[in-house]
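Have a look at the structure that comes next, please.
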Amino acid sequence: MKRISKKAGLPPGTLVHIGEKKTEEVRINLIDYDEGHFQETEIETVEECFPFKDKPSVTWINIDGLHQVDVIERLGTHFDIHPLVLEDIMHTGQRPKTEDFEEYIFLVLKILYYDEKAHQVKAEQVSLVLGSNFLISFQEQEGDVFSAVRDRIRNGKGRIRKAGSDYLAYALMDAIVDQYFIILETFGEKIESTEEELLSNPRQQTLDSIHAMKREMIFFRKQVWPLREVVGGLARGESSLISEPTEIYLRDVYDHTIQVADTIESLRDVLSGMLDIYLSTISNKMNEVMKVLTIIATIFIPLTFIAGVYGMNFKYMPELEWHWGYYMVWSVMIVVVLSLVSYFKRKRWL
Amino acid sequence: MKRISKKAGLPPGTLVHIGEKKTEEVRINLIDYDEGHFQETEIETVEECFPFKDKPSVTWINIDGLHQVDVIERLGTHFDIHPLVLEDIMHTGQRPKTEDFEEYIFLVLKILYYDEKAHQVKAEQVSLVLGSNFLISFQEQEGDVFSAVRDRIRNGKGRIRKAGSDYLAYALMDAIVDQYFIILETFGEKIESTEEELLSNPRQQTLDSIHAMKREMIFFRKQVWPLREVVGGLARGESSLISEPTEIYLRDVYDHTIQVADTIESLRDVLSGMLDIYLSTISNKMNEVMKVLTIIATIFIPLTFIAGVYGMNFKYMPELEWHWGYYMVWSVMIVVVLSLVSYFKRKRWL
Amino acid sequence: MKRISKKAGLPPGTLVHIGEKKTEEVRINLIDYDEGHFQETEIETVEECFPFKDKPSVTWINIDGLHQVDVIERLGTHFDIHPLVLEDIMHTGQRPKTEDFEEYIFLVLKILYYDEKAHQVKAEQVSLVLGSNFLISFQEQEGDVFSAVRDRIRNGKGRIRKAGSDYLAYALMDAIVDQYFIILETFGEKIESTEEELLSNPRQQTLDSIHAMKREMIFFRKQVWPLREVVGGLARGESSLISEPTEIYLRDVYDHTIQVADTIESLRDVLSGMLDIYLSTISNKMNEVMKVLTIIATIFIPLTFIAGVYGMNFKYMPELEWHWGYYMVWSVMIVVVLSLVSYFKRKRWL
Amino acid sequence: MKRISKKAGLPPGTLVHIGEKKTEEVRINLIDYDEGHFQETEIETVEECFPFKDKPSVTWINIDGLHQVDVIERLGTHFDIHPLVLEDIMHTGQRPKTEDFEEYIFLVLKILYYDEKAHQVKAEQVSLVLGSNFLISFQEQEGDVFSAVRDRIRNGKGRIRKAGSDYLAYALMDAIVDQYFIILETFGEKIESTEEELLSNPRQQTLDSIHAMKREMIFFRKQVWPLREVVGGLARGESSLISEPTEIYLRDVYDHTIQVADTIESLRDVLSGMLDIYLSTISNKMNEVMKVLTIIATIFIPLTFIAGVYGMNFKYMPELEWHWGYYMVWSVMIVVVLSLVSYFKRKRWL
Amino acid sequence: MKRISKKAGLPPGTLVHIGEKKTEEVRINLIDYDEGHFQETEIETVEECFPFKDKPSVTWINIDGLHQVDVIERLGTHFDIHPLVLEDIMHTGQRPKTEDFEEYIFLVLKILYYDEKAHQVKAEQVSLVLGSNFLISFQEQEGDVFSAVRDRIRNGKGRIRKAGSDYLAYALMDAIVDQYFIILETFGEKIESTEEELLSNPRQQTLDSIHAMKREMIFFRKQVWPLREVVGGLARGESSLISEPTEIYLRDVYDHTIQVADTIESLRDVLSGMLDIYLSTISNKMNEVMKVLTIIATIFIPLTFIAGVYGMNFKYMPELEWHWGYYMVWSVMIVVVLSLVSYFKRKRWL
């Protein structure tokens, strides 16, 4: 949970960066293209973007780093973005959502990546402002999720150069959701190896790691569920900024998010099953331990008693004087052992 | 649960204060403002408010303390408020709800705060009556949740002075929901510290505190869930008293309530996970205890039996006479111990 | 479950009283009123009611006792009530429901009361037939739930004398739902006292009473849930017999039923939490018992073995001859005890 | 699960009897009636029914036994029934469903009865084909569920002779649902007697019978849930073959199915509660057993050790020589017992 | 989970085969038929199919093997299939779904079969592209699920030769769903045999196999649930490519999928019940073991103590000198045993 309380009491639309500051500098990258033309610029001051607003070609402005209020404010003012949208962009604790302002669509998405060191899924917030001929994307830090899309634009591979800004937005969403599959595969492998451990040698660590993965799955699911509605809404063509051919592509992303959600549910089921297996394994072990204790104890306790009886020091104990007394006691003991063993056998404890 | 039975059998619309009396005196504070004008008055008799009803500027009447029937009745009569609404205002056991009476909207909300002494989340009921140019708010006691809003009006910061009474209602709701985030952060921290305790040294108190937090979460959730519908309904523009620009702001509050609800669900999941971990830790400890008992008992019980045998006082026991008898018994015992230990090792109990 | 099988095979509309016969005689009470006029009569033969059918004033006919087929049949025929409705009135195992026959609305409700002797919530069925200027109510026995309403009509207190039969129906529903709150308060207190017992001295009875209360809650909930739909449907103004001002009042009752349903859910959550606490308390106790057993056994079993060794009667046991042998054995024993105690301390079992 | 695989690969509409063959011969019974006229015939060859198709009076053809393909095929052809409907009639593994073919409505229903020998609820499939002036019913075997309806037609009791084929269909559904109540009562009684056993003397059989009843309830519920939709759809007047007055009667059946479903849920809740009580009773007994073991063991283990010490045969053991040594040991033992007992008392184990 | 990550970053519509390569060669089989005409060809190069596109007779092109990009691409280009559809066809990790492209309907289905060796349900993806007079089906490998349909076309059995391509699509779906019933029967039998084992001799393997079957059921369900929507959507007649008579047949398939889903839920309930029974059986056994231990221990521990007392070597122990001392000790022991046994009897532990 992000420190939302920082903002409590401030008037709405006040720009405050909420979330971890993941990058030092704010980097702005601008790509302007259409079918025949391609231009890529690393931008120093935000004002350099302004002329592109009214050009008919598609302009993609990508901002890495959300902590500089003035950058986002100036951009927002020029592109006529509602102050609440700017506030949401700077506040990284949003749920995935979409809002249609007629002139532009505002989208909040989550890039997920698996942090190998912390053994945790981490989320990074990406906000998109999609206008009729521009797309502004806001990321918390530089990342390589979008680089394949960038390459496709540079090389003019696929439909992307022929299509509009809505197709670009689709391409970015597609890249984000593809990333989810990669994480799911990582998890799938971890679950498989944990499962082997579970069957061969279940330990406390096995249990801990099942619990930890369950928690990661809850986190993952929380990020993916609202995305379904977001992509589903766009794919149903509720906005005039999304052209019909792009809707088919968005339906494809929608199918993917459903597949992701489905896979998460399956993995959760698998993890729950593993938990059940762990618990029943442990309880079986416990039962076995108890049985061994019971068998040893119930066999030897009566024998020890018998030995104790003939260890008494009474003056008049006829058996002690008998010549075969000692051997008779052994016989009695053997009979006791045999009848107990056969009793246990009958009860299927042995 | 409030003592609702006090009212059973009375005709509807009878004004009875139900709930704790949290303040001695009823305080009425009136703020009247528009873009160019600001006036704040502490009011003695309720009649002083009446002239403001028909002034075009926005009037905010805030009443702290709900136990004086006549104050609420006179106000209600002058502002044409339905008797059932007045009854609900005085009855602090309401769920958050909204009712549209065309002339005005009636809103019931809950301010939540964390009572450090009782380690409990406490709720205070706030009722709003929103007319076209006035807003009457009823609180159980003086509080500082609304003071930031009051300051913004005084200083003319943000949009508030330019906007109507609907924006004022929004600002109050926003302040209330912001307060929820602060409580959630408190809980987040408590959960984190409890989690550390759980992993390092789980005790009965750890369990008690997990149970207590779960209960608080159920209470919290019960307050927040109906709020979603309330704010959602207003944001969908179902009432003519809410202007369109304000709807965008209400959608923002709506997003926040969903975030709150989401976070509550996450924390509940975390708490359930902690409970599972506690239980499996305890059951693991128990298993360990059982194993130690079993190992000690199963090793020594046979040995004690052997010693018992040679403690018998039979006259004719050849082994007793043997010169190396004593040492042979020791050898037998050592063989027994070694074979048992290797058995346990094979079973992975050691 | 009522003995519904009594009716199996009979043609529909056959009048059979199903349920306990709770009163000996059938009592019919008739109240006829409008703003200026009030008349109350205890009626002998059902035909006395018939002239009131066409009077413009509001007529409330209340029947206590459902077992006399002919009374209900004659009334039904005169007031043109559908035979299936009459069948449902006599069959006390109905769920709360509403049915609109244009000419009249048929309502089935449940009065609940807490039977102190049986420690159970009991339900009594109330059926209302609401026409444009009359209301017929059928109860299983005389009760005092409606007496406050009757008093209000007699004294002309509140709106009731000015309003129509729909408001009277509302007043009765309101009285029934108010009764629910009283039961919930009784439960709230029982739960609180059980909770104290649970924390101070949990016993088998505590568990039994938690289970019993859970069951009562399931029963309560089953009665209240369908009521929500019933009142909600009426409050949405789906019938022409309900006037608009009464709808506002019905919305109030609707809010109350939701509050009741909500409180039931909360109490169920609390009871589930108590069950969890009981179980973990018991399992904690069990663990403590096991620990004590283990500690005592693991300390004394080796000592007893040592004592057993030197109780053997071998002729050649050098230690027995040593002068300090006895004291050395004691030393060995003390060392064993100390090392075991320190082991347990390290494992945090002591 | 019926052997559906028999049909895999066959073209749709192929008539194959799937299910147990419950009767040897196929019996066809024909009743033709209207207000003034009644005729009942036992039919030899299916062709005898054909003239009745176009008679304006209501014709009820009842077929007991589904295994003769040609009977059903010839009937189907003459009455213009879709081949898939005939296939469904012969396949007894259907869920309750309704299908409207404009000319006729096809209904699948389930008669349930309690098989005393197998202690199981068994289902028999009944298919109805309802035309404007005829009703064909298909049963797996002769049964007496419909005999009361037949008697009513014979005697002209109730509305049945005056109404059309839709009312006849209603009457059959009503008879089937009434049968459900009888089974529920049987279950109610079994549950009550099991509950008494549970509280007085819980045994393995008690648990088995709770599990068995839970399973029966799952089976029962599976039959009843789809029926709700079936009857609900007919009662909402979605078909032109159902006249408006009959809809009121169907709503009554609908209420009954909801009552049945409700009662099933209640019984399931009760059974779950009984399971909880069984488990906690068993675990309480276990705890008691453990306590007794612990108390006996922890009291006697130290005493046995003390006795063991003075059973050692060291030459130099001063206590053995003391005159009051024996009595002193007894005193020590008594002190040990008393202090242990008081410890247990303090811990509330005694 | 299939290796979806292979595709991450590629532009949409890039054809990559994802999934196991189950066959070496790609086989294309073409059937062209109408009421009077039938032609079946094994095709070498994909271009041979092209002339059939515009023939009015129904053409069924079946492709076994999905790994040759160029085959699918050339076919797709000629038949004007959207690149995303081709991508989905080659990607075998799809959920069952339907997409309507006006000119054709795209369907993804899953053939399930039970792999006897791996004791697992395996899924094979089948994609259908249904045009107005052609149907292209894509399978991962050759299989015999569709051979019955093929035979029906060859022999002109049933409606199939008279109907259009939509009926052909229905026939294939029907064949797939029939296959599900066969698997369910296999499971039904396995569950029955496991249940017998559970009641006669529950072992660890029994538990493992219950867990394994539960997992298979989760997998099965995941395949079947989306199919309901797919078939349901087609049966509701949402597409102009499906003729009305075929809709009736599709409703039949829809009923079957619901039956499958229902049966899966029932089997899951049965498996959960079996799990409960296993656990309670195990816990009952454990209790029995504990009781035996307790009874043996609590009987012999006091006796051993008594024997120990008279094994002490004190010089002055009067009892030892008594002539009947030994017999008196035996009497005391017998009294102890009898009173303990009667105590256990009273507690119902024996």
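The first chain written gets the first letter, and so on, giving A, B, C, D and E; residue counts start at 1 in each chain.
Everything below uses one rule, namely that contacts are C-beta pairs under 8 Å (C-beta built on N, C-alpha and C of every residue); 3 or more make two chains touch, one makes a residue touch a chain.
In this text the structure is predicted, and so the values were computed from the model without any measurement.
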Q | Count of contact steps on the shortest path from chain C to chain D | A | 1
Q. Degrees of rotation, nearest 5, to put the Cα trace of chain A on chain B?
A. 70
Q: Quick one: compare the interface residues of chain B with those of chain C and tell me same or different, with half as the dividing line.
A: different
Q) Where the CA atoms of chain B average out and where those of chain E average out, how many Å apart are those spots? A) 42
Q | Rounded Å distance between chain A and chain E, as computed from the means of their C-alpha atoms | A | 26
Q. Considering chain E alone, which of its residues make contact with at least two other chains?
A. 290, 293, 297, 301, 304, 308, 311-313, 317
(Q) How are the chains arranged in terms of who touches whom: line, ring, star, complete or other? (A) ring
Q: Quick one: which bits of chain B touch chain A in the complex? Just the residue numbers, please.
A: 148, 152, 157-160, 171, 174-175, 178-179, 181-182, 184-185, 188, 248-249, 251-252, 255, 258-259, 262-263, 266, 269-270, 273, 276-277, 280, 283-284, 287, 290-291, 293-294, 297-298, 301-302, 304-305, 308-309, 311-317, 347-349
Q.
Considering only the defined contacts, which chain C positions touch chain D in the complex?
A. 1, 3-5, 7-14, 82, 84, 87-88, 93-95, 97, 99, 201, 204, 207, 211, 214-215, 218-219, 222, 279, 282, 285-286, 288-290, 292-293, 296-297, 300-301, 303-304, 307-308, 310-313, 317, 319-326, 329
